[in-house]
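Next up is a structure, given as structure tokens.
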Amino acid sequence: MGFSLIPKEEQFFDLFDKQAAVITTAAACFKELAAGAKFDDAGIERMKDIEHQCDEITHDIIDRLNRSFITPFDREDIYELAHELDDLVDMMFSVSKRMRLYKLEGNNPELVKFTELIGQSVRCLAKALGSLRHSKVHKPILVCCIEINRLENEGDHLRDQVIGDLFDKASDPIMVIKWKEIFEGVETCLDIAEDVSNIIESILVKNA
Amino acid sequence: MGFSLIPKEEQFFDLFDKQAAVITTAAACFKELAAGAKFDDAGIERMKDIEHQCDEITHDIIDRLNRSFITPFDREDIYELAHELDDLVDMMFSVSKRMRLYKLEGNNPELVKFTELIGQSVRCLAKALGSLRHSKVHKPILVCCIEINRLENEGDHLRDQVIGDLFDKASDPIMVIKWKEIFEGVETCLDIAEDVSNIIESILVKNA
Amino acid sequence: MGFSLIPKEEQFFDLFDKQAAVITTAAACFKELAAGAKFDDAGIERMKDIEHQCDEITHDIIDRLNRSFITPFDREDIYELAHELDDLVDMMFSVSKRMRLYKLEGNNPELVKFTELIGQSVRCLAKALGSLRHSKVHKPILVCCIEINRLENEGDHLRDQVIGDLFDKASDPIMVIKWKEIFEGVETCLDIAEDVSNIIESILVKNA
């Protein structure tokens, strides 16, 4: 299937650009909360607003998908893409809520580092999504995908190191339970970004 | 694709009605066990029987699906619907088994409240499934879907409140581990019901 | 769709044989590490190499799938099959890494037992995958699938027993957290094997 420029198809690209913009905002807000030790009610409320915006765009994409006969690439891939991007914002929101629920201080250097990795990954993701319109030009998209995979690997190592430390120094099991969940949560954000990157790569192959 | 009344297709609706009936029984039994502090061998055996019945119906649906050329709605949606409904019963069974394994008393007011929310959600689900035969009449189905989403939100808040309390009052980390898992399990039941509701909504849109 | 013998289709069967061989190696290595208390750097490195080999074969299958017009069975089933098999090796690798991270001794009799169950399940899986070439002959494949399901059930019981013991004897919550995760991890390996078996069964039905 080729990439035509029928306006109807263009609308999918516009919606993915909108979703990419919301995810970028979510990652920036998440990093700000982590760096500023601000997982307070106001901070959670901001994350919630962003999560809600993302929900609406996701809903728009699925709705349009269900009503469209012609799509710029495989129906199933559009569906997966929209849902995984939504999951990514949900996960950042979810971790933020748990930080507050567990009354954990932000300003934890490893947590800040993780939100930076997520920020970098999301930046690559937004770039790759934006380039899907011109998906015949593979090179710049693939460069983004490789970087997203590298960041996921870096996150894997960081999580293992942090969780190893947590258990080695463990005096309070309650703190182990709390922080283990938080660090597995932020690493999952990088996993989801990698899932999105895999979907994008398979779209490229199919449309080669 | 329209909704014809070919008997072969009708059989799918009959099977989903059967599955809805089993899930209703599962939710009633689950609530009874929670309210009566009865996660004993006899109670678990009852849940197991119900779970087994649900397995058989799910298997029937998938088997029929694999053998059918014509289906009342998208093959993929029927598949997802049957599996998610099966997952819902599996989850109730799973939580019940963990209650016994962890030697936890039922009669916990928040657990009872959760089984009530699940009961309400399942009632809406059964109604929505039963209305799929007449899926051109969207309104009553959508009312059910909205209520299922509302119940999932209520469950989210309840889980956060219960888990927050658990950690605030935590003296025994072992009890925290046990109850945290139980409450995340019951909330997952409401999440699965919401997933089913989302599938039903997308079926409506595709057949509009 | 029938099973033709076009070489292009044969290549999928060859790749699944290769994937089956790698999974067999992974299960053997995993069992050896568990039996020999050797979750040390060298052991993890061996698991990592195997996981990497599996990644490459999975990538080959998906790539070939995206480029093929004709496939020996449903595109979606090939995709799911390759991914679930990859997940199985990932899970064994993941549990191995956690054993080292948590500085847990292997030589735990229940862990050894689990790696034996996984070994048996993987043997059945390899046999079933190898028989897909001759998928008109259902009987030997179904015998494998039934055995895989039986092994998953055995694993379920073993996990419940081990986790029950863990909590009954719990003095150190940190050890409960560590071992609970390990035993849920090994049980998940058997779950994934069962998922693969279910996909194989549905391939049989569709091609009956």
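Residue numbering begins at 1 within each chain, and the chains themselves are lettered A, B and C in the order written.
Simple rule for what comes next: a contact is a pair of C-beta atoms (placed from the backbone, for glycine too) under 8 Å apart; a residue touches a chain by one contact, two chains touch by 3 or more.
Everything numeric in this text was worked out from a predicted model, so none of it was measured.
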Inquiry  = Chain contact topology under the given definition, line, ring, star, complete or other?
reply    = complete
Note = Per the C-alpha fit, the turn needed to bring chain B onto chain C (nearest 5 degrees) is 120
Message = With touch defined as above, tell me whether chain A and chain B contact each other through largely the same residue numbers, more than half shared, or through different ones.
response = different
Ask   = At what distance in angstrom does the C-alpha mean of chain B lie from that of chain A?
value = 28
Remark   = By the touch definition above, chain C meets two or more other chains at residues 173, 177
Residues of chain B defined as touching chain C within the complex = 62-63, 66-67, 97, 101-103, 173-174, 177-178
Task = Can you check the complex and tell me which residues of chain C touch chain B?
result = 160, 163-164, 167, 170, 173, 176-177, 180, 202, 205-206, 208
